[in-house]
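What follows is a group of structures, each given as structure tokens.
Both complexes shown next keep subunit A, but they swap its partner, so subunit B is in the first and subunit C is in the second.
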Partner chain A sequence: MADKNGFFDLSKTTLTRRTALKGLAAGAGLAVAPGFVRYSQAQSSAPIKIGFQSHRTGIGAAYGRWYEKTTAAAVKAINAAGGINGRQIEVIIEDDGTDPGRGAEVVGKFATQHKTDIVFGTLFSHVVIGSAPAAGENKMPYFVVSEGHHVASTKLNRYVFQPGITDVKSQIQSMAPWIAANAGKKVTQIFPDFAFGYDHRDYLPPALKAQGAEVIAQIAIPPTESSFTKYFPQIPPETEVIYHVMVGPAVLTFVKELGEFYGSNLPQLFGFMDSLEATDINSPGLEFLDGSHFWEGSPRYAQADDSAAQKAYRAAVGIDDNGAAVGDPKDVSTASHMFGCWETLYVVKKAMEDAGYKGPEDRAKLVEATEALTAFAEGPEHPQGPKTFNGKIHQCFGIQNISKVEGGKLKVVHKTKIEDGLYEPEGDYTTQAL
Partner chain B sequence: MSEASPAKAYALHLGVIALLFVLSFMLPDYYHGLLARIMVLAVFAMGYNMLFGYVGLFSLGHAMFFGAGLYGAGLAIIQLGWSVPLALLGGIACGAVLALAIGLLALRTTGVAFMIVTMMFAQVFYLLILYFAAWTGGDQGQVVPQPARVLNLGATSLDLTNPTVRYMSALVLFALVLLVTLAVVRSRYGRVLVAIRENEERTKMLGYDTFSNKLIAVVASGTICAASGAAYAVLFGYVGSSFASVQYSILPLLWVLLGGAATTLGPLIGTVFMYYVIDVTSGYTSAYLLIVGIALILLVLFFPKGILGSIRQRWLGWLP
Partner chain C sequence: MDSSSSFTPPSEGGAEECFLARVALPCLVAPLALPTPAVAHASDRGHVLLLPTGYYLIGGAFAVAVSFLVLALLPAAALDRFCRRRLPLFTLGDSARTAISLISFAGFAILVAAGLFGSRDPLSNPLPLVIWTLLWAGITLLQGVFGDLWSWLNPWVGPWRLVSRLVGTGDEAPWRLPGWLGCWPAVILFLAFAWFELVDPAPDDPARLACAAGLYWLLTFLAMLAFGYRGWSRSGEFLTIFFSMVARFAPAERDENGWLALCWPAAQLLAAEPLPPGGIAFLLLALSSVSFDGLSKTFFWLGLFGVNPLEFPGRTAVIGSGSLGLVLTFAMLTAVFLLAVWLGQRLAGGGPPLGQAAGLLVWSIVSIALAYHVAHYLTALLVDGQYALASLSDPFALGWNLFGTADLQVEAGIVAGAESAWWLWNIQAGAIILGHVLAVLVAHGFAWRLHPQPGRAALSQFPLTLLMIAYTVFGLWLLATPTVG
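Take a look at the complex of A and B:
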């Protein structure tokens, strides 16, 4: 029968190079078939690989170390509770040196060598912006914990998300009502003369104006400056509040010189905890901060009214009541930011479960599932507080803390509302192709 | 140093280009992408080598030329909406004009003074990027939008974010600069540059206008570095001030010293070596810079003229 219909009649066939290659390919496919079956089975239970782009070296190293601790704690908690879709999480860490060039290479390495499911954890804005093109080109979901406005500005791409920490524009806007009502109406800003300072320079004046207050002077200080006394005469005498966001080692000198300049006539001081992350508030020279106020993302010091979720989070990460590492009081944490790693991982878990995520082929589904999220309730997964999420700009919005320095500790005196930090979206990532 | 026949030298260089072409089909994805980046940065090192290796002018400011190309091309796309070919030309032109201006001023000095003056100009360039943050993006930098990174050549449209297109584009730039560099260093003009490096006074005495020759070398060097910067902007989609910082003035020096100053292929070898040492060691320890430092010390001890420079000195005297 076979001969009759010519199926096995080799005389009627022509063995072309293409036919031979097809045959070889089919044979090779059959040869590896058992392996393929094993792979398919393995994939369903294989760990979900998360590429952690860490600032282990460079200017962001202090943050990077605490981001790693928080991430490890969150992964341990998620894995202990069954993982994501029944799969354990495996974290692969690469150091980006807090450098945007290396950052892009690291994202490429996660995508093409480690073949991770997502990339996660970047803090410094210039590294996020430098790495974003690589994430977009590799179609790699990139969950950053940066607080920069760059994600919400919609100038990056559809694969970049910031669902675990609010952005600086929202933070500044949230501070304005309290400053105007409690600290004073005439504000002088002192900020470092680079992008972090520019965010405060640009976003605070309109926010204060909306509250009936005003910025009466803006003093930009070059990042290379090590002494600040010469800038203080530029502060108008009618200043009621000095709003300062100096960062880096020079902040100790800055506060000391500011205190010495004013003596007992120091105006109200309001700062951002970015200035003093990983720095002991009781360091010599910071005495002048007593009585002043700070923005905090998540409180460094344990508070009397801490929720059970907050207490559990602090215990899991390993920070004591003073916000330092348990057993090492000098190892002060970056509490205002690192909670974002914890919360982001729970957002990733939720989005992967919503998407029925199985592997890298489902990355587009993961992006859409993340964009579909709208709110995160306060609880063990979101111990910092409740949040809303705008899927069009890939940014979450949440509450902020205003803390007063009292007796060498920071005490939360006000919590803002989510609505205080909302603003009009500047674009829509969902219109971009996946 | 014995003289190689032109055919032998060109055969070697064409062989290297062919090897890089073949590697495109053999390398795993990650190293494929990494080599594309290395080739672009090796062009930067070749530009630096033109001045440092062949003329003996020690600059610590070449990041400004790379930055001029990077920002010239990147901002032309982001702020002015230029096409990729125009932006590339714009970036290269920025570097050439800047190099001419810097050369006219800095070549009044020599030796350590030249190094300091170039470093100071580069610092001014870097601070200008921060000062004009509204346009440049300051220290955060800016993304060159992915849809804009398309090279239209007549009816053909090349997506520069595609890994293969990006690799081949980097290879074309690398090959072009490598062959031009080889031709220049083998030319009469190249010999004048070496003569200036070896004894400028004697070269003057022989009737050569050393200032003009050095100025041409500065402009050529700056233009090549700018080409690298412009290519980086369009191929990798990011322009940031860190690429104009002093670190990026030191890196090409390091790459060239490692590979071999005044060797045409040394910059590539040095760049590859540094990249791979950092990439591999950073996977094992956060103290990888310590390992890099030890590797550099060992190289200085056993290959004092750089990898290719020492090979040329000991075994292959004909290497250009």
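Take a look at the complex of A and C:
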């Protein structure tokens, strides 16, 4: 159901978001009941069942809500255009509570109870890591949208893929050329003292060094801290750029105290949008961010040069020009991450079509077909931008955005090249047995 | 309203179960081996952190202290007259009670079926949304405003009347519960309920909740057939006991003859008789469990157990500390409350025994528990309430639109952003402070009953007022401190 420009025209279908996502619920129970022959007699018309491991509750719930919206929009678009191999997609949502323990349980339920074709959609890295063994044991293709480096590290297993969002190691590395050339050569990092911060602590210094810049101080803040002024004297006076990646409820306090500490002499600030996903950039306390720069996966605010694909994607998901829900301007989206759900589903579609996928018995073929993918062109299926895919490490690499806070909005001032984020593979999943 | 027995519910009950068998789940998951970039949301608590909450803590404590001083100077008779004022409205008969309960039971049965066979998504399936949001958060507030609606809505009294008529037993129960049992079964069941809500890894899981709620309904129904509807409602059905206690706060009173009258909020509490030990424990558990709900999410609490709140490892990882905390909060509140009452009796130079004094004074906890309920469930009511309305139109995820709400756009933004945070904080803080001021007032009313001499009555209240002040500050701190999610 594509229009003449090749974009999905959702107005021409009566399929609602609800029917796209809720469909299979009762059928999941019926499918195992004796005498359930509806689809067994007509395999070709049976829906493709996608198990959506969703952060419906727990600390990931704000992301989970937007991952659900994006997934619903993508499924609606794919189904409206004829589905996958002529079969409609049905999504079964199971809440993992943003809990690694439950995450593994949910993957098991998808495999044994719902008998889904794949599992999809996990964001939080500890849930991915907790669930991956269950995916491997059940030989269940597991497509995550996490941005963690765990997939590309090749420490998970052959059934885990991240084809829709660039991993954090690549994201960080690709920031270095712009920071060194435009913001400053002497960088002080402020990060939370746990794994999330350690990625930035470990990956940024070598990347900056390669660009002739250096990290002159690294300040780790305890995760439970809610007042930060006492740490600021540790920032060396010669600092030209403060690279900050604080997360959690105290972020607003952090920015406010940093701004008050420096007054009008604030060095250049560079941050990751992870700090402020789903948070209005114009919130009290964030005034000091004006003029500072952020990494964005996909831009929150509509840009003057947005592609037609980007516009169509935003309209389908239902985000306005400020990146908030259409009709609910205070509900700010998680734009930097959620596009990955949309793009991942199109990768799944492509891989299933390449594999001639018919059902769970073809899961191994689906794994191999996914591994054989090499690139995704920018367009309606990949509105964030072009990507390459490394089948050996199951990870995609795409462009990144650097945006400046200007007049209460985020304006993209630089788009990185895919090559900026490439690194030597750390292993090869394809050597593992299927 | 039934006032024949102090804690006795006028009628009926609700839904839930134990799941104690699952307590044996592993207490801690193994530390994760790989670096884990988790991206914790800045969350709306971030906006509250920028508000001058410290002033509210001081102001709240001051307001409670001042109300104590004002009451100490007020003649007992004036308050008594004030609380006895009623504005009669009309008579409300009992005739529809069975029919309404039967409809409620049918609705409950459909919800349980939806839990088993509907969507697996807890925000699309109506069962978790109705049980946790509309029933537990919503009905509690309605009880506090309109009185004992639950005595009409509960899903047991109708089926019980029907079955007991059919088998010819009528209102006579085959067995009687021993008197010493009191309402301790309800205390145990309420503890199990609180554990399931606050500690169990997946209380929102539709199938899991359907099993728990369905089983609880069935066991309660069997207990009612065995011990009589009133017998089990007084001693075992925790929802009925909880809701009827909360209803005593309401500014609407219905007497034994069905006369409905308006009164002052919390005035009905003052007409209550002393609660037995089980009733005291029940009310303290009601407050301590909702307090622990707040406490368990704070950075402070998680820090005690070495849990990184920015990378919260999920509920399966904190079952041990959660179970401990739930019991510990109850034990500490009980100990401090009894100590305050005992000290008060000592200061007043005697008076009735500790059990009687505590049994009366504990009624003041109702208004605090209600205030905590408002403060803690407000955002869930505003957002999940919308999901509930949408889900009810399509309970089995079959594409129905029974009430025209199936495609309702859920506006999560209603609780998002700095402006909403300001409003929510002020409503929550206002509720906490008002709840404690009313608690001081109720406790004073009882103090005059326990100690007819005004000076002694005021003295007896000094320790309890200190506890109220401390709990006000604690309640406000829970809403102001950094939390997970």
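Here, the second predicted complex is superposed on the first by the 393 of 434 C-alpha atoms of A that agree within 3 Å, B and C clash if a C-alpha of one lies under 4 Å from a C-alpha of the other, contacts with A are read in each partner's own complex, and residues count from 1 in each chain.
Keep this in mind: contacts are C-beta pairs under 8 Å (C-beta built on N, C-alpha and C of every residue); 3 or more make two chains touch, one makes a residue touch a chain.
This one's a predicted model, so the numbers in the text were calculated from it and none came from an experiment.
**Q** Based on the shared subunit A superposition, would you classify subunit B and subunit C as clashing or fitting together?
**A** Overlaying the two structures gives a clash between subunit B and subunit C.
**Q** Mind working out whether A:136 is in touch with subunit B, subunit C, both or neither, as first, second, both or neither?
**A** Touch partner of A:136: subunit B, not subunit C.
**Q** If you count the residues of subunit A that each partner touches, which comes out higher, subunit B or subunit C?
**A** Of the two chains, more subunit A residues are contacted by C.
**Q** When the two structures are overlaid on chain A, which partner does A:148 contact: first (subunit B), second (subunit C), both, or neither?
**A** Both partners.
**Q** Identify the partner contact of A:87: answer first if only subunit B is touched, second if only subunit C is, both if each is, neither if none is.
**A** Neither: A:87 stays clear of subunit B and subunit C.
**Q** Quick check for you: in the superposed arrangement, does A:58 touch first (subunit B), second (subunit C), both or neither?
**A** A:58 sits against subunit C, while subunit B stays out of touch.
**Q** Classify the contacts of A:349 with the two partner chains as first (subunit B alone), second (subunit C alone), both, or neither.
**A** Neither subunit B nor subunit C is touched by A:349.
**Q** One more residue to check, A:100. First (subunit B), second (subunit C), both or neither?
**A** So A:100 meets both subunit B and subunit C here.
**Q** Is A:125 in contact with subunit B, with subunit C, with both, or with neither (first, second, both, neither)?
**A** Once the two structures are laid over each other on A, A:125 reaches both partners.
**Q** Using the touch definition from the top, say if A:387 reaches subunit B (first), subunit C (second), both or neither.
**A** The answer is neither, since A:387 touches no partner chain.
**Q** I'd like to know which partner A:194 touches here: subunit B for first, subunit C for second, both or neither.
**A** The answer is both, since A:194 touches subunit B and subunit C.
**Q** After the overlay on chain A, which stretch of subunit C ends up in the same space as subunit B: 58-66, 202-210 or 256-264?
**A** The answer is stretch 202-210.
**Q** Quick check on my understanding: which residues of subunit A belong to both its subunit B contact set and its subunit C contact set?
**A** 56-57, 94-95, 97, 99-101, 125-126, 129-130, 148, 150, 155, 194-195, 198
**Q** For the complex, which residues does subunit B have touching subunit A?
**A** 28-30, 32-34, 37, 130, 133, 137-144, 146, 161, 236-238, 240-243, 279, 282-283, 286, 288-289
**Q** Looking at the complex, which residues from subunit A come into contact with subunit B?
**A** Residues 56-57, 94-95, 97, 99-101, 104-105, 108-109, 111-113, 125-126, 129-130, 132-134, 136-137, 148, 150, 155-157, 193-195, 198 of subunit A touch subunit B in their complex.
**Q** Touching subunit C in the complex: which residues of subunit A?
**A** 16-19, 21-23, 25-26, 28-29, 54, 56-63, 65, 92-95, 97-103, 114, 123-127, 129-130, 146-150, 153, 155, 168, 192, 194-196, 198-199, 223-224, 226, 247-253, 256, 274-280, 283-285, 324-325, 327-332, 337
**Q** Within their complex, state which residues of subunit C touch subunit A.
**A** Spelled out, the residues of subunit C in touch with subunit A are 26, 29, 32-43, 45-47, 49-50, 116-125, 201-202, 204-205, 299-300, 302-303, 308-317, 394, 396-399, 406-407, 409, 411-414, 416-418, 420, 481-485.
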